[in-house]
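The following pair of complexes shares a single chain, chain A, combined with chain B in the former and chain C in the latter.
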Partner chain A sequence: MIKQFVLIGLLAILFAVFFVSMQDIQELYNTFGKDYIAASGFADTGSRNLVTAILLDYRLFDSLFEAGILLIAVSGVIWISKHEIEEKNAQFMLDKFNTPDLFVTFSRLVYPLMLAFGFYVIINGHVSPGGGFQGGAIVATAILILYYIDADKETNIGLIVTIEKILYIAILLVASLSIVTRGEFFTNFFALDASADTKAIYLVLLNVMIGMKVALGLWTIFTAFLKEGR
Partner chain B sequence: MNPLLTFVVILIGFYGLSTSTNIIKSVFCVTIIESGVILLFLNLGNLDGGVIPVIGDTLPVGGIADPLPQALMITTIVIGSTVTALALMLCIKVFHHYGTVEWAEILSRESGK
Partner chain C sequence: MLYAPIALIFIPVFSALVIYLVKARFIHYLALIAQAAMTVLAILYYQTYTGNFADTFFVIGGWDARIGISLINDPLSLSFVFLSLFTWWMVLIYTFNTKQDNRTFLFFLMFLQGVFLGLLQTNDLFNMFVFLELTTIIVTILIAFKKAGDSFRAGIYYLLLNTSGVLMFLIGIILLYFTFGTINVNTIQEAMQAGVLVTGEEYAVRFAYVLLMAGISVKAALFPVFTWLPKAHGVAMSAISGLLSGLVVKGGLYLFIRMNEMFAGAQIDYTLFFYVVGALTAVIGVMFALTQKDMKQVLAYHTISQVGIVMMGLAHYDEQTAFGGLLHIFNHALFKTLLFLGAGIIIKAYNNKKIKEIRGVMRTMPVVSIFMIVGMLSITGAPFFNGFISKSIIKYGIQASGIKYWILFIVNIGTATSFIKMSQVFFGPKVMTLRIKEMGQRIALMTLAFSCVILGNLYIPISEGFFGIDVSHVSAVKWEAFFDYAVALILGFCFYKLVIEKDPRAVRKIREFNVSFETANYLFMLYVAVMVVYFVLL
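Moving on, here comes the complex of A and B:
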C-alpha cells in the first residue's frame, strides 16, 4: 500500500515538472520550419502532401532506416519463432468449421475493396493523405483476411522475406541514385527545377516500393504468430 | 486536446509499467506510453490550429498543421508496432520455457537455481 502512495507521489512530481515546462510553450514555439515547408515544399519536391515531402525527400535518410528497422524486427520475429516442429499451414489455428459463414462471406466481399483501397492510398500518397507506410498496412490487413477465407493456404515465409530484402536493397539503390544525377545523397533523382509531374514519378515509385515492403513485413509477422499457436 | 492530457496518458502507462505483474500487461503499458508520446507530438505540431498539411495551388486559409511531427510519428507508429510484435514473440518463448508469464514467479524460479 505504501509503495502505491510513493509511486503516485513520484508520478505527481513528474506531472508537475511537465506542467511547469509547458508554461512557456507558446513563447518557445515558432513556425519557421512550418512556413518554409508550406512555402517551398511543393516547388522543391513536387509533392502536394507535405508529410510525404518530408518522408521521401527532405528526410529520406530517416525513412530508409525506419524501413531497415522494420526488416530487422521481422527477421528477429522469424528467428525467435523458429522451432523444430514442422508446420505447413495455419489450419490448426483458424479452424475452418468454427469460423462463422457470415464472416467468411463478408470477408470475400470486403477483400478486393480493401486491396483496391490500399493500392489507392499507396499510389496517391503524394497528392492526398496517405503514403507507403499507411497503404502498406491496409494491404497487409487485406492479405490477412485471406486466412479466414481459405485456412488451407500455405505461406512460404522464406520467399516473402527474400522478396522483402531485395525490395529494401532496391529502395536503397533508388534513394542513392541522386548522388549520380544531382550530386546529393538521398533525395529526388530528378533535377530540382523539373516539373512537378516528373518528380511525381520518383515519389510514386518509392511509395509503391515502401508500401510493398511494409505489407510483406506485416504479413510475415502475422504468419509467424499463427504458426506459434500450438 | 491539451498537451497536459496527453502527459496523463503517458503517466498512466508509467503507473501500469511499475505495478503490472504480467509480462504481456507490461508490453501493453509500453504501447500506452507510445500512444501518449504520439498524441503529445501531434498536439505540439498543431498548437495554433490549422488543417491537414496537403496543399493545393494556394495555402489553406487557416494555415496548416506542422508536417514535421506528423512525419516523425509515422516512423514511431511503424517501429512501435514491430517492436511490440517482437516483444510479444519473446513472451511466447518465455511462456514455453517457464510455463508462466508472471514476473514474480519467473524471478523466484531464476533466483532459486
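Moving on, here comes the complex of A and C:
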C-alpha cells in the first residue's frame, strides 16, 4: 500500500514539473519545423499528405528502420514460437463451433470491403490521410477475419516470411535508387523539380510495398500466435 | 567516401537478410566477408577524414539540415565504430559454425551490428530513438534465444524496463523539438551555446535533459535501474553476454557523452549527481558480485560495478579524468568480453556454472586458463594490463578529493576479492571433461587477451594518435603502482578468507535479494523524480 502511495506522489511531482514546463513552452513554442514543412512540403515531395511527405521523403531513413522493427519482431516471434515437440493438447482457440453464425456471415460481408478499404488507404497515402503502415494494418485485419470464416485454414508461414524479407530488400533498393538518379541517398528518385504527378509514382510504389510488407508481417505474427493456441 | 557511414549501416543489414533467406551451405561465410569489407571501409574512411572531421557531416536526401536526417563522425564515434567492429569480429569467430539453425542467430547478430553502428553515427535525435528501440528488440530476442523459461522471463524483463526508459527518451525529444523546432543534435547544441535560452525555456530544456538521462541510465545500467542486467546476462548465451556487457551497455554511456556535449550550453552541472550515481553503482555492483556463486552472475555484477567506475570518470569536466572514463569503456569492453567468452568455454566443458564446483581448470585447459588470467589481471587493475591505465587516470583525476579516492579504492578491493574467489577454479587436479576443440574460440580469446596487453603497454601513442590527449603521466614502472595493487590484493585476500568464504547470513541475504519487476519500476520512477528535483527545481 505504502509503495502505491509513494508511486502516486512521485508521478504527481513529475506531472507538476511537466505541467509547469508546458506552460512556459506555449509562449516559446518554436514553429520552425512545422512552418517549413507546411510551406514547402508539397513542392519538395509532391505529397499532399504531409505525414507521408515526412515519412517517405524527408525522413525515409527512419521509416526504413521502423519497417525493420516489424521485420525483426516477425522473425523473433517465428523463432520463439518454433517448437521441436508438437504439442496437441491445447484446443484451437478459434473453435469453429464457438463462433456465432451471425458473426461468420457478417465477416463474409465485411471481408472484401475491408480489403478494398485497406488498399484504398495504401494507394491514396500521398493525397489523403493514411499510407503504407496504416493501410497494411487494415489489410492484415481483413486477413485475420478470414480465420473467423474458415477456422481450419492452413497458412504456409515460411513462404510469407520469405516474401516479407524479399519485400524489405526491395524497399531498401527502391529507397536507395535515388543515389543513382540524383546522387542523394534515400529520397525520391525523380528530380526535385519534377511535377507532383511524376513524384506520386514513387510515393505510391513505396507505399504499396510498405503496405504489403506490414500486412504480411502482421499476418505472420498472428498466424504464429494461432499456432501457439492450437 | 562521404557515404561510407551508410554503407557501414547497410552492409550488415543486407548480409543478415541474405543469410536468413538463402539456404545454401556456405552462406554463413557471407557474415565474415561482410565483416571484412566493413573493417576495410572503416579504416579507409578514418584515413580519409583524419584531421578534418567536420567534413564527415552530410544530410540524407540533401534536405535542409534542420529538417532531414544527418550523420556525422568524430574521433569519439569512430573509435566506438572500431570497437564495435572488433567486438563483433570476436563474437562472430567465437560462435562461428555452419549449422543451418545458426543462420537465424547470424541474422539477428548482423542486424544488431548495423543498427548499433547507426546509433553511433547519427546526428538526429529521433533517428537515435529508432535505433535505440530496434537495439532493444533485437537484444531481447538474443537474450531469449535459448528458448528456456528463465531466458524468456529475463528477456521480457529487459524489454519492458528498457522500453519504459526509451519512452522517457522520446518524451524528452518531443520537448526539445517544441523548444528548438528541430531535432538535429548540432543545431540544438549551437542554439544552446548561442545563449538564446530565456528563463522560461530553461525549465523545458532542463526537464528534457532529465528525461533523456533517465532513458540513457536504463540503457547504461546505472544505479538503481541496473536490475535487468544480471538477469539478462545470467541466462543469455556466453557470447551474447559478452557482446551485451562489452558493447551494448556502452551504447548508453556513449549517448551520455553525446547528450552532455549537446547540453553543454545549457549550463547544467551534472558532475556531482552522476558522480554519486556512478559511485553507488560501482559499490553496489561489487557488493552483489561478492556474494554470487554463479560464474556468469559474478561477471554480470562486475559489469555494473565497472560501468560505475566509468561513470565516476565521465562525471568530470576535467578533460583528463573524463578521458580516463572513456578509456575504461574500451578497456572494459576488451577484458569483459574476454572473461565472458572464456567463462563460456569453461561452463560448457564442465557443464556447471557454480564456482565452488569447478576445479582444476589450469590442468585441464591450460590455454584457456592463461587467457582468463590475463582478463582477471586486467579487470583488477594490475600494472602492465589495460585496466590499470584507465583506473590510474581516474585515480589521478580524483586524488584531490579524499572521499572520492577511497570509494575507488574500496571498489578495487572488492573487485580483487571477487576475482580471488573466482580464481579458485584454476586450482585442483585434472578432471575429465568433454573435449571441445574449437579453433575459433581459441583465436577469439587469444586476440582479446593480446589486445588487453597491447593496450596496457602502448596506451600513450594510441590515445595521443586517436584523441590527441597526452596520458604520459601514467606509468606502470613505478613502485607505487605495484604497491597499490599488492595492497588491494592482500586486503582482498583477507576479506575473502575472513568474511566471504564463511558465507555469513548477511552475504546470503544479499545473494537472495531479488528486485521484482514492480519494484524496478518504482525505483525507476524514484530515480526520475530525484533527477527532476535535483536538475529542474533546484
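In this section, the second predicted complex is superposed on the first by the 222 of 230 C-alpha atoms of A that agree within 3 Å, B and C clash if a C-alpha of one lies under 4 Å from a C-alpha of the other, contacts with A are read in each partner's own complex, and residues count from 1 in each chain.
Rule of thumb we're sticking to: contacts are C-beta pairs under 8 Å (C-beta built on N, C-alpha and C of every residue); 3 or more make two chains touch, one makes a residue touch a chain.
This one's a predicted model, so the numbers in the text were calculated from it and none came from an experiment.
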| item | value |
| --- | --- |
| Partner chain(s) touched by A:A73 [first = chain B, second = chain C, both, neither] | both |
| Partner chain(s) touched by A:Y29 [first = chain B, second = chain C, both, neither] | both |
| Which superposed partner A:T105 touches (first chain B, second chain C, both, neither) | neither |
| Touched partner set for A:L11, first chain B, second chain C, both or neither | both |
| Partner chain(s) touched by A:T181 [first = chain B, second = chain C, both, neither] | neither |
| Touching partner for A:R59 - first (chain B), second (chain C), both, neither | both |
| Chain B versus chain C as contact partner of A:T198, first or second or both or neither | neither |
| Partner chain(s) touched by A:F42 [first = chain B, second = chain C, both, neither] | first |
| Chain A positions touched by chain B in one structure and by chain C in the second | 7, 11, 14, 18, 22, 25, 29, 31, 33-34, 37, 59, 62, 66, 69, 73, 76, 80 |
| Sites on chain B touched by chain A in the complex | 3-4, 7-8, 11, 14-15, 18-19, 44, 47-48, 52-56, 59, 63-64, 66-68, 70-72, 74-75, 77-79, 81-83, 85-86, 88-90, 92-93 |
| Chain A residues within the chain C interface of the complex | 3, 6-7, 10-11, 13-14, 17-18, 20-22, 24-25, 27-34, 36-37, 44, 57-62, 65-66, 68-69, 72-73, 75-76, 79-80, 162, 165-166, 168-169, 172, 176, 178-179, 182, 184-187 |
| Touching residues on chain C, where the partner in the complex is chain A | 3, 6, 10, 13-14, 17, 20-21, 60-64, 66-69, 104, 107-108, 111, 115, 118, 126-127, 130-131, 133-134, 137-138, 140-141, 144-145, 147, 152, 175, 177-182, 198, 200-201, 203-204, 207, 518-519, 522, 525-526, 528-529, 532-533, 536-537 |
| Residue ranges of chain A in contact with chain B within the complex | 4, 7-8, 11, 14-15, 18-19, 22, 25-26, 29, 31, 33-34, 37-38, 41-42, 48-51, 53-55, 59, 62-63, 66, 69-70, 73-74, 76-77, 80-81, 127-129, 131, 133-134, 214, 217-218, 221, 224-225, 228 |
